[in-house]
Amino acid sequence: MATELLRVGVIGTGNIGADHVDRVANQVSGARVTALFDVATERAAELAGQVGAVAMPTASEVISSPDVDAIIIASPGEFHAPLTLECIAAGKPVLCEKPLAPTVEECESVIAAEQASGRRLVQVGFMRRNDAGYRHMKNNLSSGAIGEALLLHCEHRNPDVPDSFTSQMSMTDSVIHEIDTARWLLGEEIVRVRVISGKQTPNAAPHLHDPQLVIMESQSGVLVSVEVFVNAKYGYDVRCEVVGSSGVTSLGSQDLGNFVSDTRRTATMPANWRIRFGDAYRAEIQDWINGIAAGQVRGANSFDGLCATHVAQAAVRAVTTGTTVEVPVLEQPAFYH
Amino acid sequence: MATELLRVGVIGTGNIGADHVDRVANQVSGARVTALFDVATERAAELAGQVGAVAMPTASEVISSPDVDAIIIASPGEFHAPLTLECIAAGKPVLCEKPLAPTVEECESVIAAEQASGRRLVQVGFMRRNDAGYRHMKNNLSSGAIGEALLLHCEHRNPDVPDSFTSQMSMTDSVIHEIDTARWLLGEEIVRVRVISGKQTPNAAPHLHDPQLVIMESQSGVLVSVEVFVNAKYGYDVRCEVVGSSGVTSLGSQDLGNFVSDTRRTATMPANWRIRFGDAYRAEIQDWINGIAAGQVRGANSFDGLCATHVAQAAVRAVTTGTTVEVPVLEQPAFYH
Amino acid sequence: MATELLRVGVIGTGNIGADHVDRVANQVSGARVTALFDVATERAAELAGQVGAVAMPTASEVISSPDVDAIIIASPGEFHAPLTLECIAAGKPVLCEKPLAPTVEECESVIAAEQASGRRLVQVGFMRRNDAGYRHMKNNLSSGAIGEALLLHCEHRNPDVPDSFTSQMSMTDSVIHEIDTARWLLGEEIVRVRVISGKQTPNAAPHLHDPQLVIMESQSGVLVSVEVFVNAKYGYDVRCEVVGSSGVTSLGSQDLGNFVSDTRRTATMPANWRIRFGDAYRAEIQDWINGIAAGQVRGANSFDGLCATHVAQAAVRAVTTGTTVEVPVLEQPAFYH
Amino acid sequence: MATELLRVGVIGTGNIGADHVDRVANQVSGARVTALFDVATERAAELAGQVGAVAMPTASEVISSPDVDAIIIASPGEFHAPLTLECIAAGKPVLCEKPLAPTVEECESVIAAEQASGRRLVQVGFMRRNDAGYRHMKNNLSSGAIGEALLLHCEHRNPDVPDSFTSQMSMTDSVIHEIDTARWLLGEEIVRVRVISGKQTPNAAPHLHDPQLVIMESQSGVLVSVEVFVNAKYGYDVRCEVVGSSGVTSLGSQDLGNFVSDTRRTATMPANWRIRFGDAYRAEIQDWINGIAAGQVRGANSFDGLCATHVAQAAVRAVTTGTTVEVPVLEQPAFYH
């Protein structure tokens, strides 16, 4: 069995990439890290030493290495499509962090290449699909227990962002998670999006609209409201509720436990997304590894990645123009059925 | 002291009117019911007998009766303004159920008459201002503990409505509560409103848009999102959250208690608005009575009633036209400062 | 109707007595305060002035006053029985704060006098019977929905007490509420009690055992565990749970609302018993007034008061001796069926 | 790296053993299952086939196999000590499910052998130490934020047990978890235990006392109350609260998510301990594997196992005799410091 361990190469070892290295090396079954790359070469070398991997001088060398069976891409978004194309060319499975690519065109090039290769190789890192809370909601929805879905309410709050963060990035980096969540929970596409900016928090850079309210509609008319607030200060808080025709299902409290003092009953919230979604990321990676062993892509595939970017780009136009933007439904190739 | 009991006449003894009769007669201090009127004369007579009051043949007789010091109007909305005007003419304090009137013009006539009378006589029945939960939110907001208010999220769900209920009535009968709540919590006016209808519940009459999503903006740009869903089936559920620049405050759970069986931890929710807001209504009536003794209007006044109708009418236009409707800010007469 | 207002005299106008004065004068229907007495004569005079009552020089004058129809006793416990006996002698209904008396013998003298008078005149101030949460529990129990009651878990925590408070008073002043709660919820008597003292809080006076754990058993063997902690510092926290053979019912959260900041989701708890049980006290007084009008004692009667003191005294012996104390079941006179 | 995978043998592949096989094979990093044994040979063979291991004809062969580096013992409790002794004799690390042994004598023999071997080889399966909720409590306690611990309240409820389950097994199989939890949270030993049986549930076998209330005391006097109820029917429910001198900390809700219908807000509870503690078990196994790599025993060691059995046996005597049983503090050998 030992020789069958999947040999994983990791490209990009910033926060999330380093977490993925640790997960593959120390938290999941059936894989180990053999190679990694980051432009911060010292950090990459140090990490490589910790997990018995080799730090390589370029991403391409990781992808083409004979010691690498599969690749995780956690580099900045602009490199996602070119690197994913290289993985496809090398015939190796790849887990690409969201977004699959910042532009629809790049996503389409990935889909074209993947189809041409004849094999499903690409998974996109929408880890919420592996979160116990979202799965509980999906089960309540599928069982018919709340009737038909009518509304989806989401809150997505981060404590803060760097000054370089823009109003458009709120769509492409944050709301893109809710876009995938909506598609996955509802089983249909988003067809319309508008973005409303109101009073700005004094804690954001002047160029940034924050918070913003995103109103989307699905094919059957389900309204999806998303509050995105990236300088919420008080903590990391992600909530989701589906309102159905006969009931409601929502994420439970994500609190770590209770603490009472000074006439206040306090629940300790997860401080950031790494804590909140740690279990989901671990399950995602395990699922990806198991899927490779079974010759399957079990998570979000590259068509899901295309659709999410497609809607996120519409949301960017909605931010920029202040109008309601129609989102044509993309036809799903039979390859992804 | 006994002779100082405020003698209250109640006009309209349907559900809420009958509850008010019971409250004045049996649950609050300083008042008794001496006269009442309803078009359902038998019901009125029976109620009158229970509380030692006289059932009168017309509303006007209640208002002009020498045995009546103050009036509660709980008749259908179309009669609110004419009856309130009669009360003002009689120089008697009046608690008028919301809305003050269905049209802005009627509300303005009430304000004109009240100012001409030289005395503040009119209170409007926005009972949420007396609810412990909303007061807790207002305190958290006033204390500065959550920073500046940026967003207000509201859900307003009723189990069901009769077939005669229209999409416009969702604004004038239900959302009008959130309009007053927003004005009262934020301390500023609503200036813009749009209404978005999505997928309709199969449990509503065909002519009714249900649920609807109402997006309003305040003078300083605070976004107010209201889900109104009048055939939610599962129960009566009213929720409210203010998102501030450094924290969040929301209504606590309104659950009556817990019950566990069959691997489900269940909280018993209030079945309807009479249970949910029973305490608030009682406090409102007590406050109204105490205010009369002190020569004050302590709750929502007729200018508040005008503003609520003003915004609700804009929301009705938003429903009808599908557009974003601007709401000019009305100047508050010095009389209501 | 006005002349039918019940004229109430209040004896003892410390914290709870002053609250009762305010409730009768300003918060309930059908009564007014006409006379009051307190050894702190200035305070009594001031209060009397606020509510249009007369401050009398002695308690006995309140009881015998022709302007007083019914009496509330909120004086220190040692005066409860003598004053209650005076009320019975005067043939006037009385609401006596708990305990009915500190000793079983005094309680028995009250019962004897009440029976001899031929009329039920005495109610004891166990206000939890009027609390919405406890009523919800009782309903869940009565409906059979949790099967047979097997265990009752209670926590009773106060922020602090004065130095004069003793380990015995934890039983007679605090746990006596749980004793009545257990009898009322379970519908049977307590027959055995032991008290276990463990590690003492550094925040209590050296002579005081605090916290203490009280374990009682009912006639059918239901175990009742009570944590009593009178220097809990963090707030006033009263909780109760019944474990049944097929489910559990408990008090819901008593929180006033939510507040989030600094990665902590906080619920504001009631700061003290006056806030926590304010609604229950109001309902109790209203119920008492309505009961008098109907010629009934609707709350805890003097036999309930006797039983509670009977068990509390057994608990005091358990504290003092460190042993398990058997509590003989008292026979309920037919007069109290 | 691949050749460094820890080769694990699993003895006993009933419910928990089979779960451990799956965890080692499919959910954790750094190990694989190479051998297993169960008296149910068909089941063992099937499991072995699924994970690429060999089903061996005896437990001893698993322990002595050259293809096995470390052993998990999940056989019935009576075999724990003999098998653990064999592992020690073989010089191989072992994770033994609780209890380390049913008798104090056997536990002592394990400790003696382990010390004689000169190496720490034995970990006992008290997986709650790896549960996020209990860790949150321990952190709140260690930080001093709730002052000194004074009381520990625990509930331990199972849906049901087979008829063969006895009142003593409630101590040795269920309460033993709370015993370890108390020692670990409080950092001191249990010195006194009494068990109180009250009204029995109609859902238990006649020979079984259920529920039972266990009252323990720690060296410094902290009272530990444990309700153990093994036929609670409604679900699996484990709760824990530490009351400190200035605050309280407790496990958060363990609910999977919310679901609302029919005026009931419902939280889905974990149906059984496999779901409730699945994450804790996984973390425990990962920690054990990592500990072996580091030459450490990071979880409960065999002295912890001895102490837990020591107290559980005292609780068994308390059940049998109905008395309060003193528990002498065992001296911790320097080997376990």
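Labels for the chains are A, B, C and D, by order of writing; each one numbers its residues from 1.
The definition used in the following text is that a residue touches a chain if its C-beta (ideal position, glycine included) is under 8 Å from a C-beta of that chain, and two chains touch if they have at least 3 such contacts.
In this text the structure is predicted, and so the values were computed from the model without any measurement.
Ranking C-D and A-C by contacting C-beta pairs places C-D first.
Between chain B and chain C, the superposing rotation on Cα atoms measures out at 180°, rounded to the nearest 5. The distance from the centre of chain B to the centre of chain C, with each centre set as the mean of the Cα atoms, comes to 36 Å. Per-chain Cα centroids separate chain C from chain D by 44 Å.
Chain C has its Cα centroid 57 Å from the Cα centroid of chain A. Multi-chain contact residues of chain D, defined as those touching 2 or more other chains: 233-234, 237, 246-248, 253, 255, 260-262, 267-268. Of all the residues in chain A, the ones that touch chain C in their complex are 159, 233-237, 253, 255, 260-271.
Those residues of chain B whose C-beta lies close enough to touch chain A in the complex are 147-151, 153, 196, 198-203, 211, 213, 215, 217-218, 220-223, 225, 227, 229, 232-234, 237, 243, 245-248. Within the complex formed with chain D, the residues of chain A that make contact are 1-3, 5, 24-30, 32, 34, 52, 132-133, 136-137, 140, 145-146, 246-253, 255-262, 267-268, 279, 286, 290.
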